[in-house]
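Naming follows writing order (A, B, C and D), and every chain is counted from residue 1.
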């Protein structure tokens, strides 16, 4: 399937790359220093960062806060939910290189699952809110596979347009099917249990902090698990597919299977974030699941650095944060994110944080082994590359 | 270049065609008195002015109001985004009320804060929580739209903060047992039944009902269809952002209806009316308050001559005194849809503050038992938060402007 | 692994070999790294000696035909590849060499003809299934995974050795750990074999050109192929590098691999191959030893027909 | 009767109204063809670019909407407005030609800039396909929101070009002037493009680049010039489509007005066989008609979009090369 143009392009790009050193990004130095830290030091820094992240809505730092236009804890909760969605999309777009423009469809399915099984407006059997989180993931994975089975065999740009169509169909079906209540929507979507001393629920729609902590905890857990996947054959297969799908397949990688996995994982995370979104707002209708929001998720992934899960999380948080903090920007937000997309693609396609993934579980072992072997002969192990790391 | 040659060839073909038919091209546009179809429409006379109702409560009050410094009324609703205009209409009305009040009451300077929700349910939680957490805010005007009102009513309820919506018309909103929610206008159930009354006044016998996919349009179409009874000539559904209505129009023409009721917003209503007239429809186009907008006339062009509107809103521009005051706030613009409602709602809250009810629980109780005449209507709420007496006004397009034809409901 | 003639590509690979490999490589005692040299020998020449009866046909290509639109790029080409040999596939530009390659590896669908590897027809199989049957290749225009390190590139080639899928990875099952360890050791050994182990941690796109070519070979070897297809591996090399490459190709063959070599450089082809097949305009015009080919009038005509800079021919 | 309607509105979400489809079959067909012709003109822009660059130019819908704005602005400044103007036939024709040229020029300019600003730098760097796609989406977003920031969320006031009226009576079914103009003009333009691709030097270049860019370059074809020309031709056609669109929907100039139409046009291109000029025409007309039947039959505008997408997916599944199959590269003059 190599068209001559691609072949030529590949040759040319290799020649180019030899002559031109990769450009450094603002955070590359940071990443390099990170790589040089010992494991325990890394854990220490991570623990400190995690503590700060958890305390963010409580600290409500001046300048950073989104008040007085938006309640800061709620802003934080929104940031976390967008970050989670971006994390899921990152697996699909950033790592496997599948351009999914209908990601909002999964987000919507998750929100609707929560609404259908917890809202007082729904005629369905009611289940506790927390149960809807795994349920939302299961349902969206089902949708992801239904969509992926026929479409993942398509070429990249066809996939983009078909997924775009999928997202729109989900939104339109939410309008057409009476049980999904269109714009009327579902009120009183459930929340995790618990009541405060004043009688109001802990997870009220007006208290963002518990929602934020819940979502951040989920994100941290998922990042660990995604890291495990990344350093396995699945993660390697994704990057290989992104880099050169044909070559990956010719090297014996069952590409379709791993593309489907990427799609399913992305869908699950999209559904999960949608379910949290539904719970936080306490209201779900068909209004927010449009293509624009899909584009915002995409911008989040690209902004952070496609393929880098930390980058995706930060990108997602930024995309949610900026319009809430700078409400004056609200009118311009899509313009700004559009410009960011284009400028990044032209000048820094790897995003703010590069996209260097560690794909081997025991890479350090290999490095050590190599060090022992070559130290005798005087050669030194080549240090990790210039690209930043995740 | 051969390319430009091809283009001009195509244009020439177009020119030939047009030239062939051009002799008739200027023989007048569609006129509302064109007749034909199933019946001839009567043109209802326009109202020229509305007297300020006797005994209407004004924002200025008696000038003796006393309240703590920093007492604040907030507007929460769209200020930017697609729905910004409606929000601007409202908060200018509120601003006007507060300006008049503060000018007349040196002892009670009420602050006004505006918070943007973009009219979107998922954006609304943050601003509403922010407002409920701001202790000085004792009353709120908003939220303008039904979706965001649904999403946030519970937060107001939990905070015990009274809010009066000047424009959210979904009937279900008052079924939530919220004690803090009040509606300053009639809901969709009031407007729907006005459609057959208006149709009767203009002599339409068969009405075709078209609805969009919004909560608002669906609800209106339902109540209007029920009220129209066997006058319904047929129905069809369109979708937000639709531009081509030819299929719907074929159905309408086929049904021989002499009026079309479009339950939706002007963005789709205008091209629908325009394409309808373009296909030779001679009947009347009726739209609800969502279509009643100057934009409708701009977008529908000369076709808009056949348009009538229903609206549970009073024509603010006809109340001289109000219109003058509004222009001072809005930078010369005429009052828009729901400007008066915004003013009236703010006035209710201000009169409570003047009477010393400047805490959240006190103001809530005050609104609950309020009974007074406003510029637009009499304000007295039932236990759900709906007004007892409601008027629906009819409007029509006359000479490129929307004019009132008086109450119809 | 001794009788992999079954139709199922999975059989020959993962479980047995992984277990054996892990055992052999002393994965159970991770603290004692095995001696590199012995390991290289074992990894690169896996236990397939039983079946290496040099001379019988490994691959049989019959009437292979590929058409694009109305254009016939490959016209009823028939030849065999014998076990343990280095077969050269040459021909003037546009003769259909790479097309032949692509048709064998499943990149193009042949419109007619068959390719059989040890009696298993390759037609209609997925590309990765063909690879797992034992056919690996490199690319004329290097197609490494640029954003991955050299070692990671090779480990991708080792995919067939892994049985653990995503759920196992999420929970880091013991099997996954075992597979990952063995992959790294195999990968390092392969890099050592092609002579670029010191660059194992460098992104493929940042490797020097010659190293990229070698890495491609290592990656292809990682799939444990029965037939290794090299598509112009010496393109862009200087004479010294070409000599090194010839040496490497011979070593690979000596380790028990069968090699199909497409190459433009006649000196290299003549120097390293056992037999040569010549294509012209999509048709096979000659087949024989380098000596025979050198003297074949049809081949000479074909090469004289184009203004040739391959003086060796 | 009304109870029946109310019930339908309440409970059933799919109702098939075959009676309506039967009674409005011919008018629906003509209307469908009109919009189909517009889709087809826009679809050509997608098809041509896809042919030479293998890129789905997401931003082409914004090229189209720029044309629509230009048409509206030109007509407004020429004195057209809400009512049909009081001008003689030839004067109207002249004005429409002016507006059409303005639309074509504006759309072509945007297409040109798009190529220069966004795609060319990427081509220089041999960026991967994903980067091209994201850039295309980004540019679509940028242009759309530039219009949003500039012109706001509401559409431009409508401009009526002429008093539309029936010109033919085909067995009781009226054919309107706009339908006739649009369908005929669109077909004339498509035939023109088809001939241009088949017969001219530029067309040969386009085909050569579509087939094999490297060989084409070796043969002395200036690839950059061909690419630019392709974008410009696509822009010109989109500008023409914009004129016809405004003829049908006088208030159609709105910032997000290109999106759905663009998707439909792309669907049309795929349906007919992407890269195939005649396929774009066929696909466009088919899609227009199918959409109209769907709306009449299902009584709900939402289904038109759902149906278009489902058609797209089915086509891609079953026959990815589209109805007319072979693409630009394989056209032999």
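Throughout what follows, a residue touches a chain if its C-beta (ideal position, glycine included) is under 8 Å from a C-beta of that chain, and two chains touch if they have at least 3 such contacts.
Predicted model only: the values in this text are computed from it and were never measured.
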| item | value |
| --- | --- |
| Comparison of A-B and B-D (more C-beta pairs in contact) | B-D |
| Central subunit by CA centre of mass proxy | A |
| Chain whose Cα centroid lies at the greatest distance from that of chain B | C |
| Inter-chain centre distance, chain B versus chain D - centres from mean C-alpha coordinates, in Å | 35 |
| For chain A paired with chain B, centre-to-centre distance based on mean C-alpha positions, whole Å | 40 |
| Distance from the mean Cα position of chain D to that of chain A, given in whole angstrom | 34 |
| For chain C paired with chain D, centre-to-centre distance based on mean C-alpha positions, whole Å | 48 |
| Multi-partner residues of chain A (at least 2 other chains) | 8, 10, 172, 175-176, 242, 331 |
| Set of chain D residues in contact with two or more other chains | 10, 300, 302, 305 |
| Set of all touching chain pairs, with the criterion as stated earlier | A-B, A-C, A-D, B-D |
| Interfacial residue positions of chain A with respect to chain C in the complex | 1-2, 7-8, 10-11, 14, 17-18, 22, 225, 228-229, 231-237, 239-240, 242-244, 246-255, 257, 261, 265, 307, 355-357, 359-363, 365-367, 369-370, 372-374, 379, 381-387 |
| Partner chain A, residues of chain D touching it in the complex | 10-11, 13, 54-56, 118, 121-122, 125-131, 133-135, 137-142, 144-146, 148-149, 212-215, 259, 263, 266-267, 270, 300, 302-303, 305-306, 309-310, 312-313, 316-317, 320 |
| Complex contacts: residues of chain B adjacent to chain A | 80-81, 113, 115-116, 118, 120-122, 125-130, 132-134, 147, 150-155, 158-159, 170, 172, 176, 213-216, 218-219, 239 |
| For the chain D and chain B complex, residues of the former touching the latter | 1-2, 5-6, 8-10, 20, 23-24, 27-28, 31-32, 34-35, 81-90, 92-94, 96-97, 100-101, 104, 153-155, 157-160, 162-167, 174, 176-178, 180-181, 184-186, 188-189, 192-193, 195-196, 200, 202, 229, 232-233, 236, 240, 248-252, 256-257, 260-261, 292, 295-296, 299-302, 304-305 |
| Partner chain A, residues of chain C touching it in the complex | 30, 33, 36, 105-107, 126-128, 131-132, 136-137, 139-149, 151-152, 155-157, 159-160, 162, 164-166, 168-172, 176-177, 179-181, 183-185, 187-188, 197-203, 205-206, 208-209, 212, 219-220, 222-223 |
